[in-house]
Amino acid sequence: MNTASSRITYLPPAAAAGHPRWRLAASRLAARALLLATGLLLPLLLLGLWQYAVQRRWLAEQILPPPSLVWDSLVELWQNGDLVANLSISLKRLGWSLLIGGGAGLALGLAMGVSASVKAYVYPSFQLLSQFPVIGWVPLLIIFAGIGEALKVSAIAIAVVVPVTVNTYQGIRNIPRALLEVAAVYRFTFGQTVRRLVLPAASASIFNGLRQGVMQGWLSLVFVELLASSEGIGYLMVWGRQLLQLDIVVVGMLVIGAVGILLDRLLAWCASRLQGWQRNAY
Amino acid sequence: MSILRKLPKLPVTDLRGVVLPLAFLALWYGLTALQLVNTKLIVPPGAVVAAAWQVIGSGQLLAGLQASLARDLAGFVAGSGAGILFGLLLGVSPWARRLAGPTFHTLKQISLFAWLPLLSTWLGTGDAAKILFIALSAFYPVALNTFEGVRGVTQAQLEVAHVLGFSRRQRAWRLVLPAAAPQIAIGLHLALLYAWLATIGAEYLLGSSGHGIGSVVIRGKAAFNVELIIVGMLLIGVVGMALNRAASLVEARLLHWRGPGR
Amino acid sequence: MTFPRFRRFAALLSLLAAGTLALALPAIALAQDKPRVIRISYSGAGTGGRPLTGGTIISTAHQQGALEKEFAKDGIKIQWTFNPGAGPATNEQLANGLADFAHHGDLPIIIGRSTGLRTRILFSYTRFGSSYITGPIDSPAKSLEDLKGKRLAVFKGTASQLALGRILKKHGLTERDFKTVSMDGDTLRAAIATKDVDGGFIAPFDLQARGVGKVIYETGPDPELTSQGVFWVSEEFERKYPDIVQRVVTTLIRVAAWSSDEKNRDAQYKLWANSGTSYYEYQKTYADVPLKWRLSPLLDEYFVDNLKKSIQQAREFKLIRRDVDLNGWLAPQYLNTALKELKLEGYWPEFNAAGKPKLAQK
């Protein structure tokens, strides 16, 4: 999401008037700094409100930890390795699920998009199942797969499969007929059609699907870890809550948010690199 | 297959879609009838149907469903309302964008369920925490899509409104909102799905002592009653689908004045 | 809004206000000397979260309706809240000011006090029970050491975690030597049945009877290793209504006497079995030690010493961050008055710090 108000680069009239370059650079930098400052205003205000609420005991101190304690806990957890250990476990889970779910979703979407008969057999069932909230599957999965890694990876993989499949399928379906006809004229083999036409043409949609898949996967990961886990960032939050150390819960939330931001930025960067050749308006 | 192609085209939906589900049901029935699997875990379809009949008859499931839907609706309305207002504000006012925008987008990255432990500690495991959580889940998609919709209002449209001498209120009511309406509708659709997800998720996480379909399923899990879990799950899925369909229909109706779109 | 409509609206509003005031006034008057409701939190719930429990004298009192009968004449209602989230959930209720009395395990209440929750301990119960590590039926493990590195489940934040800590410490182990998972009773039983965990801190009898579990380790009635429950009142409630506190304690001690009577063992098990845990399980769990020992409510030397040890161990196992001060925490005067009133002095044996009875039993 483009949060800056504008990224339009323009030639300021000052340049035409012949002002020194550093002046322009400085003014642009100042503008950026001002933007940053205004953006930080609200968070700082909220932080102040939080501290005020703690001092005025709007909520019992046991359940509203002061910001300083949260910071201390963050540092402590970072230093004693707990945070990194749990976070890496969660990320590993996400990685595996993306691989499995994403791969399955791509394969399924490709199959349905390319072959009309596969679509006829599979699509109605898929449509039905995809409308099930992923969360709904979890109790059943727990009964069948227990609460080990198998459960978590399968639950998250299911969450990833759905958007990936849907977007892949849509992307392939939206390929203009004209392109397919050109491929036929050139007598592309099936493999060539897929490699040189279908995948590039649908890549925007496929990538969109992967992006949504990552986000849905992360959402499900947090849920599954909160529900039944012995390690991971969600488990850290459960631990904190059981011991009435709500600051650990807040630390968990912050870390989850940070990972969310990182994933989002990473995907955006990937999108810009992969899609550079597209002459999109946005 | 070629024989089938020679048959006259039937004016019904492609029957091939039914093959997979039927095959699945047949497999399920076969495995349990032949006792090839642990029937305590993989219960026979007949048992599920029987359990469904009994449980629905006892009214327990339907009462739970009612409670869940009530909460879902309350949270959805609250969250969407707030979302539209906030999205409007962000879209229309550049100052709001600069002040609240970054915070809004950053807080959005905190995965939904991460909010739940804190909310339930502050508000208890009763309805208050759940409704607030559901409202939160609905707030973000609506706010984001409203924001995008409002941003989509072109300069030219604004100039026309200016020329026609629209007041502030008229501008909002007769220009901005209708222009953003399709995007808002998408946001509401998403919010409806997310809200149902949040409702069920909250019930799973906040325990078995509440009222709601999710609590019924969790109780079933605790009592190892697989039939109950399956029936509950199916119901949850059906409601999810129904909500999805209803949202699509409403979207189509409300936006029909835009003419045939995509 | 047009004027006639406004008048109607204003009239309705004032009627509403008057009505509310009329209803509130007697409540305000009543709140001066007596509470309208006594809120009791129970750190636990029956199977599947049902509001019927067993295993403590508080459960017995709840099922017998002892407190309801006592306060019926004052028009005070008793509101019971059963928390499947056990001790930690009760702590949260206390923090939100939603509990007046509670049954609580030692670890959660120590955690609560360390974070500043203000309570007064009235009496105790549940000591000398045996603790078990139960595993799936086909588990090859014969002792705790065999489970090293495997998945061990315990309900974190509850007294069970502290008891487990003690057991592990006795064998030179810590929680970190295992993959510890947090699970409540129901989930834990299911997990053992499906072999999801390699061991769990829970009584084995039900699982044994179903043929899905077996004992990997048991402590026997070792006074060094058991945990104890406490019944507390919030400082605020005690300050406002000390006489109500006394009456609650007296009623509950009367129930405790009934519970501790060997004649009532069978009837008690039947009551407890309503919680969903079987009669058989209670029978086996409470078979080894005389009821008078197990269910003693006394705040005797053993209790105090054990509490001190619990606090120290909680700090050692890093379960609390701040030290806990025992000063002003215990309020034995209510218990002593109740014992005198009910002529039950000496009914329960006092134990010294090592867990041996000090005086001869009556």
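A, B and C label the chains in the order they appear, each numbered from 1.
By our rule, contacts are C-beta pairs under 8 Å (C-beta built on N, C-alpha and C of every residue); 3 or more make two chains touch, one makes a residue touch a chain.
Worth saying up front: this structure is predicted, and the values here are computed from it rather than measured.
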Chain separated most widely from subunit A, comparing mean CA positions: C
Chain pair showing more contacts of the two, A-C and B-C: A-C
Approximate Å spacing (C-alpha centroids) for the pair subunit A, subunit B: 19
CA centroid of subunit A to CA centroid of subunit C, Å: 43
Separation of subunit B from subunit C, taking each centre as the mean of its C-alpha atoms, in whole Å: 39
Of all residues in subunit A, the ones touching two or more other chains: 63, 143, 238, 241
Where subunit B touches two or more other chains at once, by residue number: 121-122, 221, 224
Subunit C: positions in contact with at least two other chains: 92, 96, 187
Sites on subunit B touched by subunit C in the complex: 121-122, 124-125, 207-209, 219, 221-224
Contact footprint of subunit B on subunit C as seen in their complex: 45, 47-49, 51, 82-85, 89, 92-93, 96, 98, 186-187, 190, 193
Parts of subunit B lying in touch with subunit A, wherever the complex brings them together: 1, 14, 16-21, 41, 94, 97-103, 105-107, 109-118, 121-122, 144, 193, 196-197, 200-201, 204-205, 217-218, 220-221, 224, 226, 229-230, 232-233, 236-237, 240-241, 244
Residues of subunit A defined as touching subunit B within the complex: 1, 3, 5, 35, 38-43, 46, 59, 63-64, 117, 120-125, 128, 131-140, 142-144, 218-219, 221-223, 226-227, 234, 237-238, 240-241, 246, 249-250, 252-254, 256-258, 260-261, 264
Subunit C - residues contacting subunit A, complex: 88, 91-92, 95-97, 111-112, 115-117, 151, 156-158, 179-183, 187, 191, 194-197, 319-321
